[in-house]
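The block underneath contains the structure these notes are about, expressed in structure tokens.
Chain naming follows the written order as A, B, C and D, and within any one chain the residues start at number 1.
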Amino acid sequence: MKAAIVGATGIVGQQFIVALSGHPYIEISALAGSTRSAGQKYGDAVRTPAGASQWFCEEPCDKSVKDMTVQLSTDLRAEDYDVIFTGLEADTARELEPLYAKTTPVISTASAFRYEPDVPLLVPGVNPEHAKLLDIQRKNRGWKGYITPNPNCTTIGLAITLKPLHDAFGVRTVLMTSMQALSGAGRSGGVLGMDILDNVVPYIPKEEQKVQRETQKILGSLNAEGIEDAPFAVSCTCTRVNVQDGHTESVFVALDKPASVDDVKAAIEAFNKAVRTDLPSAPQNMITVTEDPFHPQPKWDRMTEGGMSTVVGRIREDHALPNGVKYVLLSHNTKMGAAKGCVLTAEMLAREGYIKR
Amino acid sequence: MKAAIVGATGIVGQQFIVALSGHPYIEISALAGSTRSAGQKYGDAVRTPAGASQWFCEEPCDKSVKDMTVQLSTDLRAEDYDVIFTGLEADTARELEPLYAKTTPVISTASAFRYEPDVPLLVPGVNPEHAKLLDIQRKNRGWKGYITPNPNCTTIGLAITLKPLHDAFGVRTVLMTSMQALSGAGRSGGVLGMDILDNVVPYIPKEEQKVQRETQKILGSLNAEGIEDAPFAVSCTCTRVNVQDGHTESVFVALDKPASVDDVKAAIEAFNKAVRTDLPSAPQNMITVTEDPFHPQPKWDRMTEGGMSTVVGRIREDHALPNGVKYVLLSHNTKMGAAKGCVLTAEMLAREGYIKR
Amino acid sequence: MKAAIVGATGIVGQQFIVALSGHPYIEISALAGSTRSAGQKYGDAVRTPAGASQWFCEEPCDKSVKDMTVQLSTDLRAEDYDVIFTGLEADTARELEPLYAKTTPVISTASAFRYEPDVPLLVPGVNPEHAKLLDIQRKNRGWKGYITPNPNCTTIGLAITLKPLHDAFGVRTVLMTSMQALSGAGRSGGVLGMDILDNVVPYIPKEEQKVQRETQKILGSLNAEGIEDAPFAVSCTCTRVNVQDGHTESVFVALDKPASVDDVKAAIEAFNKAVRTDLPSAPQNMITVTEDPFHPQPKWDRMTEGGMSTVVGRIREDHALPNGVKYVLLSHNTKMGAAKGCVLTAEMLAREGYIKR
Amino acid sequence: MKAAIVGATGIVGQQFIVALSGHPYIEISALAGSTRSAGQKYGDAVRTPAGASQWFCEEPCDKSVKDMTVQLSTDLRAEDYDVIFTGLEADTARELEPLYAKTTPVISTASAFRYEPDVPLLVPGVNPEHAKLLDIQRKNRGWKGYITPNPNCTTIGLAITLKPLHDAFGVRTVLMTSMQALSGAGRSGGVLGMDILDNVVPYIPKEEQKVQRETQKILGSLNAEGIEDAPFAVSCTCTRVNVQDGHTESVFVALDKPASVDDVKAAIEAFNKAVRTDLPSAPQNMITVTEDPFHPQPKWDRMTEGGMSTVVGRIREDHALPNGVKYVLLSHNTKMGAAKGCVLTAEMLAREGYIKR
């Protein structure tokens, strides 16, 4: 499967490169970027003229990738690739992704198309049946390809943990407070060190609306007209804390039916078993439950199953809400919450025939 | 007014010294500590033999205090003082405070007696009428003095912000997630740097129960038998973040009656006006409302009115809860939440005749 | 004394406002900025349209300053002011400061003119006699005013601590490693949180050359032709650490004559006594010596004497260098090292008749 | 090769377990600890009764290790093992290690025996010839085994980088300032979060003397009587910064012969080539030179070659010292600087016949 990565020199692009390094059947066949990097070898494009590295992943960049020449993203011949991964800002995504989608599946981390009615927010293991919306999208837009964006990095862990609760007990109300990592803000709009040292910033513009809308869409049901939002209310307060990677979320949920702590754990276990784990990037367990009351902690738990498993701890009954439960979750915002999650989606779409191999 | 400080060399004791420095009518007349420091000059007792400072307040220690000799806390002649401030661990408090209270009012940061039925949790401006419970306590126990502990540092800001909401609209349900500062853990049980760097710890033992019980008690109503807990449910998840001072709390509240954002602000303003501000340590505004969506932030806002005002921001309606509102609060855990809050309580008790001047 | 502040909305400009707040004889008479802020009330100019505060000092901004209208810096009528403080980037400083200097003394934090032969780097208490170079500068350039920049924030503490050593024992070689605070990088080129969390960055572009050249100039001797650099070698490695304010420097010095630890302390004490402390912003002691082996620490010691005293600890003999001594110093980079240091310079120049009152 | 790990539940013991996980020929055959953990399964011993994990390595603990029963360290039958790794505090090491050494080689991270004349400080690749001192030690003490401690974690990177300089140009003087990671302080004496947040601590008790003495010993020459210290002076200031792992050191060196930057790099390259890399834990390059001026950075570079390569950057000539060079190094204090370095030493000693296989 030949893949192109667009926005390849940015931090999300770098994470796509890492996520595809050594992939059993997806090959990085093209790297594309803006005029600033086009025409350069990738290894040079992620280094300043003064020699300072602009490669921001812990994992090194493969030598073979460093030697590839970066193409101009507006010149990319999309039809030459089986799938295009884009790590663009929303504005550029809105412009470029439809051009690529005429011929080729586009899997994106950008928010540009997330809220359009014929665009699904796929989370393999949670709503694979929403992939059928891509058929409608193709028909609507006259495209051979399609656009399917990853959900927001704060949404994805929340949606994953609500899935077994919703299936087993019915979710009625969700109240969530996030403590989000610095890497979630990206680099261009990144938080300054002096603004986050010894601090918490209790607001992340647009984040809360994204979480609220996307959670309802992901857990909604697909019918002939499109996705009907899940019929529960989501309310949240999103904050930034001084953590490198890994979003922590404190969640309170009111359910339709009562559920004990053991009931919740059993529902999670059943969910884990039901999810197919035959994709190369899929975790063995979508959700890892920890019994250690001091966990999940971002520093220690974010890399559980390579950052692809959502870690849940502190599961308790909540007596303030009707049929209430509460818990803390941790989701790796740059792994399952971004590039690697998109690769997992690509694998699932390939399995289901939406990407040809 | 002659005050003794017990546990004087500990961090809370140090904060008492700072809170009383230059006080218009409370004089530090005695410092007491364990056998480790008794008999030493205070200035020497807060320094290791190798010369390393063990003084942990930003404000310097007064020269006159440094020259005072530390007494042994078990030898303190309580009757010689008008008030005793204690900054002890719960175990020691349980043992020593009743001895002092035989003759003298004891104002404490320890949790030892907080949950006894004849012990109020006074927050000047919120529940001054609970002081009458001290008469019952004296009678019950045959003491001339009494014990009145400060609430837990995470509770106090929550209770203050709920007060105007409860009075104006009726509080039905409270769901809170805290992001607590390092100084809240004290030094002996303090969090290691390597455990909190690049991390969030989603559990603080015993903290959540304290917040839940104390909030209901503070906002409860005093009747002949004692305090009847406020009739609303409180549920919370308490976490530790890498912040020096200042507890941030994300709060969701269901009310009995609907309230717009402006209604909430008006209720807060009315509350601020109704509170007497004629005590030396009292803030001009119990609650400071910020319109800046990125605030309150612990680094920038914790010292509002010397750390005695609770800062509230991000007030929004919440559509997930019935008559819901949500907001973020910041409370300085070692100022209003500890020693300086106790000094404010002492001032209020002196005004009301519970401490003689 | 009427002062204008240019670059008033930037972080250095804000620090000038704080440094002049309540000043006994310097009045903030004008605030100037770029087209982005010109024409706005200052209070609005340091707030985004969405209401987010862009005021980055711990001290609040005076109400009277908030109500002043920001002028366009290119329109400023310099002749209307007795002194102009500028907190500009080097490029803009190079352009604007000479225009102002035609009529008015300019005291600047920019590096633009630091290395010109007729421009002194004044540190009150260290080289007040270099002020005479301003006469030469005026004659050379045909200006009524002049430009006198503050030294680099890393240089100033080093120069202050070398002064008594050089006077008493002769400095031969200086080897310094700095651990610099985040605020030293400013905001526009500020370090991202994710780049400094759990990290040290061992390079600050251009910083080392600045320290080496400026230290020699500050401690040089003024003769008829200008300043002759101090005849010792300075070598340094400048690093960035995760600290808000306060540059820590580890210094090794070879002297011409042997000096014991007590000799060094005596030389510092003599220096402190010799320096005039009759200026409003001057510290009582240019250098504060700490005997606590764990200090100076930026968090606890940077605000010594309002950030105007350089704190020195860990003074030891060094047997690796000829007549060697070593110590650790701490200097507040945004107080003595920037705006407040410029205000001190203004006070000294006023006393010496270089600014009319 | 059968290995016992003593102090197995401590953080160094855990690092030994990680360092030996999957080792080609060293097998963990016994775990020993104090009375607190003896008799428990290892998996239980690194967990509190309340279920909180006390396992502090990023790498997980092997299931087979978790199931091993911890022995009492005073009961360990040393003769049953081919090598004993100890991660004890100095006091306990002084008592226990000689008992084990009667029959068995002991490789230790403790400082207890480092300064005894018949005890080498082995750094494979730097001074393998010092292993011969073990023969003298055996004879002196009448032991079948011996004690060989790892050098201090701050020393080891310095000694490695000085080795090629000393061989090629002769080292005359070394001046070093360290910026050390939190994990270097261990857990029992660990730095509190509130003491290091927004801070640098400019003193680490005993550290500077260790570095000075050990560097001279490691690079000294072995003769019939023992090791003659290297004939150069080492002076240092050791500080603690808010970094998890990885000690950064700013080094200034005066050489006997002049050396350009290229000469230094060539000497390092020659050294890398000369060192045997045929041991399982050995890095391909003892020293990794980075040309990026912003590196080495602990966050990004500490795991170079699994934490076993010392990363050197910012190599410059230094004109303040005779034949001066300066550079910044980074060494992983809990990998090469502790347990994994001991394992490398064991491999080298096995190759040289000092441990039987």
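General observations
Everything that follows uses one rule, which is that a residue touches a chain if its C-beta (ideal position, glycine included) is under 8 Å from a C-beta of that chain, and two chains touch if they have at least 3 such contacts.
What you see is a predicted model; the values in this text were computed from it and never measured.
The chain with its Cα centroid farthest from the Cα centroid of chain C is A. Chain pairs A-B and A-C differ in how many C-beta pairs they share in contact, with the greater number at A-B.
We define each chain's centre as the mean of its Cα atoms; on that basis chain A and chain B are separated by 42 Å.
Between the CA-based centres of chain A and chain C the separation comes to 47 Å, rounded to the whole angstrom. Shared interface positions of chain C, defined as residues touching 2 or more other chains, are 50, 197-198, 242-244, 293-295, 300.
Chain contact summary for the complex, chain C toward chain D: residues 173-175, 177, 179, 197-203, 205, 233-235, 237, 239, 241-244, 248, 250, 252, 293-300, 313-314, 318-321, 324, 326, 328.
Of all the residues in chain A, the ones that touch chain C in their complex are 56, 182-183, 187, 190-198, 205, 242-244. The residues of chain A lying in touch with chain D in their complex are 47, 50-53, 58, 197-198, 291-295, 300, 303.
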